[in-house]
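There are structures below to look over.
The following pair of complexes shares a single chain, chain A, combined with chain B in the former and chain C in the latter.
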Partner chain A sequence: MNKNGTDIQFAVIGSAGDGTIAAGDILKRAMAGLGYKVIAFDIYPAEIRGFGKCISRVRITTEQAYSLKRHSDVLISLDDSYAIPHVGEVRDYGAVIYESSPIARLPEGGHMTAHVKPSQLPYGMQVRSISERVTASARSRNIVVLGYLAGLYGIDPQAFREIIADKFRTKAQAVTVQNTAAFDAGYEVGQSVFKLDDVQLGPPVRKGDSGKVTMMTGNGAVVRGCIDAGLDTFFGYPITPATTILERLAAELPKHGGRVLQTEDEISAIAATIGAGYTGARAATATSGPGLALMTEMLGLGVMGEVPSVVFVSQRGGPSTGMPTKTEQSDLNLAVFGGAGDAQRIVLAPTNVEGCYRTAGKAFEMAEKYQTPVVVLLDLYLSNRYETVIPPDANPFAPNLNKGLDAWRGDGEYPRFADTDDHISPRALPGEEGGMHTVTGLEHNQLGKPSDAPENHLAMNAKRHRKLDGALSHPDFTICKRFGDEGPVDVGILGWGSTFGEILEAMFAAQDEGIRCSAMKVVMLSPLPKERIVAFMDDCGTVLVPELNYEGQFANLISGALGRPVTKLTRSTGAPMQVEEILAEIRRLAQAKAA
Partner chain B sequence: MGEAIHNVIIGNGSAGNGAAITLRERDPDCRITIITMGSLPFYNRYDLPRVFRGCYDWREILVHPLSYYDDHSITLRRNSRVTDVDARSRTITFAHNEVMHYDRLLVCAGGQGYLPEELSDYRGLMSGFGSFEAAMTTYKALPAGGTLVMLGGDMIGLDLARTLIDTGYRVVLLTNEYTFWPHRIAEDERDGFIQALGHMGIEVVDGVHPVAVEEGEAGKPARRVIFDDGGDVQGDVVMPSYGLVPTAEFMLGSGVDIERGLLVDPMLHTTDKNIWAAGDVCQIWSAEDNAYRFYYGWNNVRLMGEMAARNVTGANEAFEGLEDERLRIDKKGHIASPFWEH
Partner chain C sequence: MTEPLKPVYLEDKLNEVRGDGHLRYRSSSLPTWCPGCGYFSVAEGVATALNRLKVPLKDAVIVSGIGCASRFPFFMETYGFHTLHGRTLPVATGVKVANDALTVLAVGGDGDAFAIGGGHIPHAARRNADITYMVFDNGIYGLTKGQTSPTSVEGFVTPSTPYESHDRPLNPLMMLLSYGASWVGQAYAGRPHHLTDMIAEAVAHRGFSYLHILSPCVTFDKTEMTYANLDVRVRDLPADHDPSDRLVAMEQATRAEAPALGLFYREERPTLIDGMNDIAARATGKASGKGKKNKK
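Entry: the complex of A and B
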């Protein structure tokens, strides 16, 4: 990827309170504004402020990239004690920028210069003293170092000044003035430095799009998708890493006529969501694994009552409270199977930020059309990851797909749960004339009245499952997609969720090495698009399933549902999977097949 | 098992690196740390004129592959300026406030370009050539076919001058007592060597005394050197070339004897039992001259580094210097110096 264009990854590392994440934010927004494609991901401690490591990684490219890189090109240390362990991630002939005049006495090995490898280029600068000289405070060190970066690599300073002004627009004017001065002072120093590394910034390729391009996180894209899909009511209870969905909707949804309520817990949130869905509103909630565990009983009610609802689940390290600020893909089992009885629901897993937007909106269409809960599986890596996206010119989401009472105008009592050709029943909303019916968590007949007759339970189970098959051909939505070589290949890679970016990068690298391989992303995890996955697997000499959990939950889902063997590549360290790990496994499998 | 002996070498030039590899050969288990103010691994400074022959990548002038340091377990500390050495506690302090312990210290810090005090106010208007970065900056400042005005003309500068002439530039040399430094030229031989410079294509201006450097007027070369008699010479770049002075400020207060450089005995041992010195930074006692003297040039300083390392590890060898240090005129009528052989 990006052999001829710009492909630079910056890593800003510091302590909580250093402005590490803010520096990364300004950097990525400035670069996006200049017309580069951006993928960015922040890592921060569970604690709120004052201690703990923060990392903001920003990859800018001119060609489309799909993940962060294992090796950064430039590391910026705002706190050597946290940055030193990461020096090894800087590639050969890359740059390490650090404070050259720390105020504290350091023991041997306590300074960055003790750790920069001969193949890396060290750039020391007096960050603190410049900040103090220009702003009378050390708080602008992060801005000073951004200026240095811009000066060193010849990046248009105006792009940064505009973002700085925007970032501090709600503060006193003096704050913007001081931070701009801090940036300019760093820029002047950076310009005067002789650049020794081989990090090269070329011009953006698609500058013409830069006016339309916007930066979004996965959660930000979910919010945008919700609003464009006509979300009416959102109920939420804060939990990392889903909280920002609640926060952003609280700020934005009322402007669009919607409502947000923070409930007392997750059970209340899902109950209210299902209640709102029952009334015909497009309703949603958002949570993480521990919250989803609490919601599973109510999801069963949604399945049994055939009530539309959307649940966004941003996964984090588990089980239990687990690792709130670390990423993992370990709630697949819970999302697909969690709950009592045969409670199949639609489960979708976008693979990138643009996918988060589209999936969020389509989730409401599907919930409404197929009268079911829809779970959208995100994870911390995807929720917090920034990417440049170009919003669609027109709203791509249908405003109303409810199969209403008009679809049934028969005689007699209204059969709310009537089986039909597509197994979707005409759905009356409360208050509609002639639509009186019963909804219950008990098994029921077509009228909604409780019934535990064996033939009824069998028929209703079949109806509730079969109606979801329609989702496999839901219009304008990619339930799965194949990339790479066509026809028979040596290695196929099946992926889901945020890991698919790394899978794509690894697949492209393997192709460059002459390995015939393909990758398929599976966005719809339930119901599983079995036929297309089987067709893909038929083409593959061997199938690799990389994912961020210990057990290999997706691999188990595939091999269990299809009876096909796959090779698992699992990792549960709390960090995203590395492209190189996947590539190494592709190589190994290709060599084994050749042997 | 005790901790490995920590040998710290201040200086990343010929002497320091000669010392490092000798230490490694003689003590496979010791710790070796090389400290340098520079940003790059060890490169041959005599190769710097190559920037005018299209060598713009510092990797092309490295003496060793980058894996060398790992392969030989040598730690390289770049961008690290030593501000203080405490011989009693055997610690060094860096400008970045870090303190490092050493068991044995080899000071191979070399020298830095000398600039007469009357010209020090004009430092910002003059170009250097003491590092890859400075060399590239000078290269970029000098337009194709442009003029470099060289003040003094030590052997390092003259090495650059002959490359510039070969590559189509003009060199104007303002000679003085530093011309041909560190060679000591007999008065009756001087005119012959000055003539040889002319044969090499260098435009020699003898007998003037520069007192100021100014920016050139619009439409004229970027620099103007003004003489004490009111005369001047114009060029695109002005470069002082007055020889080297030892880089030894950080050793003041360390407890070792210092004159202009660190004073060492013929075994390159300073007056502190744990500190040795080698290269341009030290003055070696010469019984023959009954004085401390400097030895210069790539081969001399490398030899010193290696010898100091052998003595650090138990040998007792005396440094005598290379036999032939004379400036000569070759068959073409050009200057030839052993200091250019490396």
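Entry: the complex of A and C
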């Protein structure tokens, strides 16, 4: 795609402490400010300081893009020992920017010049000496390189200067002055460098709404969605990669009248969330797989007691402590099935940053309306990646969907768990006269009194499951959506979560090659939109399910629930799936179909 | 005990009981506890105390965990939440944070509190969440038919410790005093009037109040925490006990062989909600906060 517009991916690679992530951050914010669409994702080690590889990849486009590219157009090395293994990711005629005069004598093969391929364009520059000349320190090397990059591509330097000033606004004024000088020095060098035609940048597409474009991460979008949906209380326990949700809400929610508490563990976080939900508040917590494992008993209580709660789960590599700073989609089973008994709950999985915002807000509507826990599955790749999004003009979320005590017009004792047409019971909230009742995790009758009568358990199980069917037609929410060719296709791709961006890019590429294919994203994983998925599968010669785990959890969910075969494409490397991997599989399936 | 017995006429007693209105706090569900269980005293005590404090039924929430004691909410006419084993305090904290106008009571047994739920208690205490936590301590797991608990005596023979328990019992009062609970007291189900007074005082306290209630299990413990044994072992706190002195309170708490009844410790300090209100004021720029960072 993007045959006419701009589509450039930068990769900044360095050691922890080099300012790699900071450089990527300034770069993507400057480009977003200029009006380009941005997708960016950082990779960093689990250790805070020392010797770990940091990579910041920033893809800027004029057309909508859905994922990062396998091949970067420009590689910027802040530490050759980490960057050299990545030279291969730079495309032919792509640029490699590196330190031309290393400070120490390097072992043979230790310098970038020995590794840049003949088909790549080497741009060596004296990064360190420029930084030291301008700022009397080597610490601004990352900013010097940014200036060089801006000069090389002829990007408006003012956009960078503004971001630099903003980034260091909490530091001493001298820090901003020095870094701006470092940027300008790099820019001057970059401008005077000989450029090949391949190094160029088209103008950004300025549309009417460009002034409203903002850039945020998946977790940032979740926070925005929580606030717009009127989140009242948030209880959290730090865990990578969900911590930033807790941190951002701790700073923002009190400004909007909400309360945030860091609890002693994840069990306490979900317990307090359910306690708050019981009072009628919109309540949420956020965690990762290990925390979700601890929360499953409480989710069961939420199901049994029909108490609203929202749990954001940013998945990482598992099992157990796994790979805290690597991405994976392997908590689907836990989210959908985890816990004792028949404890169906709503599980949603957005596929991009804009979807994180929408799903977060809608999760509160659904939790409240269907009186159930709602799990929102994110993953590290989605939580931490940046995308440019356009915020909605009006708040899209309904403020209160509780079916209240007013909906009960009976005599006698108030039946908190009355079965109704839609199986949702009128819910009295503490403080309301005439609605006193006890919620329990024991099986109970319609009055909420403990009961283990056989016909009662059967009826209550049915009520708790059937009420969730309403969520399949919840207003203004996309539970699943088909893209690509209409009607019968050779290859259909079913996807969920963050991998759907790569799936879309692969599908568009396959269409360009003449393969008839389409893709469906499934956002609601429980209850599963079976009819829609079956209708899609009926159109597909063969169905491919790419996902980032070892077992093929979504593929198993689909084939188990629908009794139909699918082709799995699973990867559990800790990194996002490559578009080319999916494309290759689409080609293979299309050829097998034709043969 | 030595007072001469006066005849009690049923009709007079019923009128007296109905008259003061505390029965409104009891639900239509009759307790499922064994006859003679100390928990009946607590149910009566909570009903009387809430009535005395004029807490509206609709504004009281009783949160419990799992166990005999945790069946408590079903027998009260307030709002109730019978949650999971050990999770009483986190749920109660969530209720209070979401709606601080509610009077929140948390109840559970010694196993619910100090075995599975032990990790939550220090945090509720240090935050000073305005919750009244009542632990009904019978030193045994009653609902699973009589296994040893964290407050059972050393050498206790139960179905799960047929060759005697070798674990030392915890001292809950010492723990709560060191956790920073702002109100710590002890009562005994065999002294229901004192128990009622203590419950009322605990509920009235602004902040985290911990009331330890010694309460015999008449079905599974025939030898240790019986009425007969406790009647002779319990004592009142000394008349000159100073409840503002934490060290003196701890000294009293160490004498576990002769449990003292009364208010061990009390302090007034900002509650969890006070702290959250302060955060809200700082976040919205309405407070002259001490913090130097004032980001936009």
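Simple rule for what comes next: the second predicted complex is superposed on the first by the 591 of 595 C-alpha atoms of A that agree within 3 Å, B and C clash if a C-alpha of one lies under 4 Å from a C-alpha of the other, contacts with A are read in each partner's own complex, and residues count from 1 in each chain.
Keep in mind that, in the parts below, a residue touches a chain if its C-beta (ideal position, glycine included) is under 8 Å from a C-beta of that chain, and two chains touch if they have at least 3 such contacts.
The structure displayed is predicted, hence computed values, not measured ones.
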**Prompt:** Does chain B (first) or chain C (second) touch A:Arg105, or do both, or does neither?
**Reply:** first
**Message:** Tell me the contact category for A:Gln446 with respect to chain B and chain C: first, second, both or neither.
**Reply:** neither
**Message:** Output check: A:Leu121 vs chain B and chain C. Expected answer is one of first, second, both, neither. What do you get?
**Reply:** first
**Asked** Of the two partner chains, chain B (first) and chain C (second), which one does A:Asp92 touch, if any: first, second, both, or neither?
**Response** first
**Request:** With the two complexes superposed on chain A, say which partner A:Thr113 touches: chain B (first), chain C (second), both, or neither.
**Result:** first
**Item:** Contact breadth on chain A, by residue count: chain C or chain B
**Value:** C
**Prompt:** If you stack the two complexes on chain A, which partner ends up touching A:Phe194: first (chain B), second (chain C), both, or neither?
**Reply:** first
**Request:** Kindly classify A:Thr325 by the partners it touches after superposition: chain B alone (first), chain C alone (second), both, or neither?
**Result:** neither
**Request:** Could you pull out which residues of chain A sit against chain B in one structure and against chain C in the other?
**Result:** none
**Request:** Would you pull the chain A residues touching chain B in the complex into a rising list?
**Result:** 92-93, 99-111, 113-114, 116, 118-119, 121-124, 194, 196
**Prompt:** If you look only at chain A, which of its residues touch chain C in the complex?
**Reply:** 170, 232-233, 235, 251, 254-255, 257, 259-261, 263-265, 267-269, 271-281, 283, 297-298, 301, 305, 413, 430-442, 449-450
**Request:** Note which residues of chain C are touching chain A in the complex, please.
**Result:** 28-29, 57-59, 61, 63, 66, 73-74, 77-84, 87, 90-99, 101-102, 119-120, 122-123, 127, 272, 276, 279-280, 282-284, 293, 295
**Request:** Please name which positions on chain B make contact with chain A in the complex.
**Result:** 39-41, 58-59, 66, 68-70, 75-80, 94-101, 132-133, 136-137
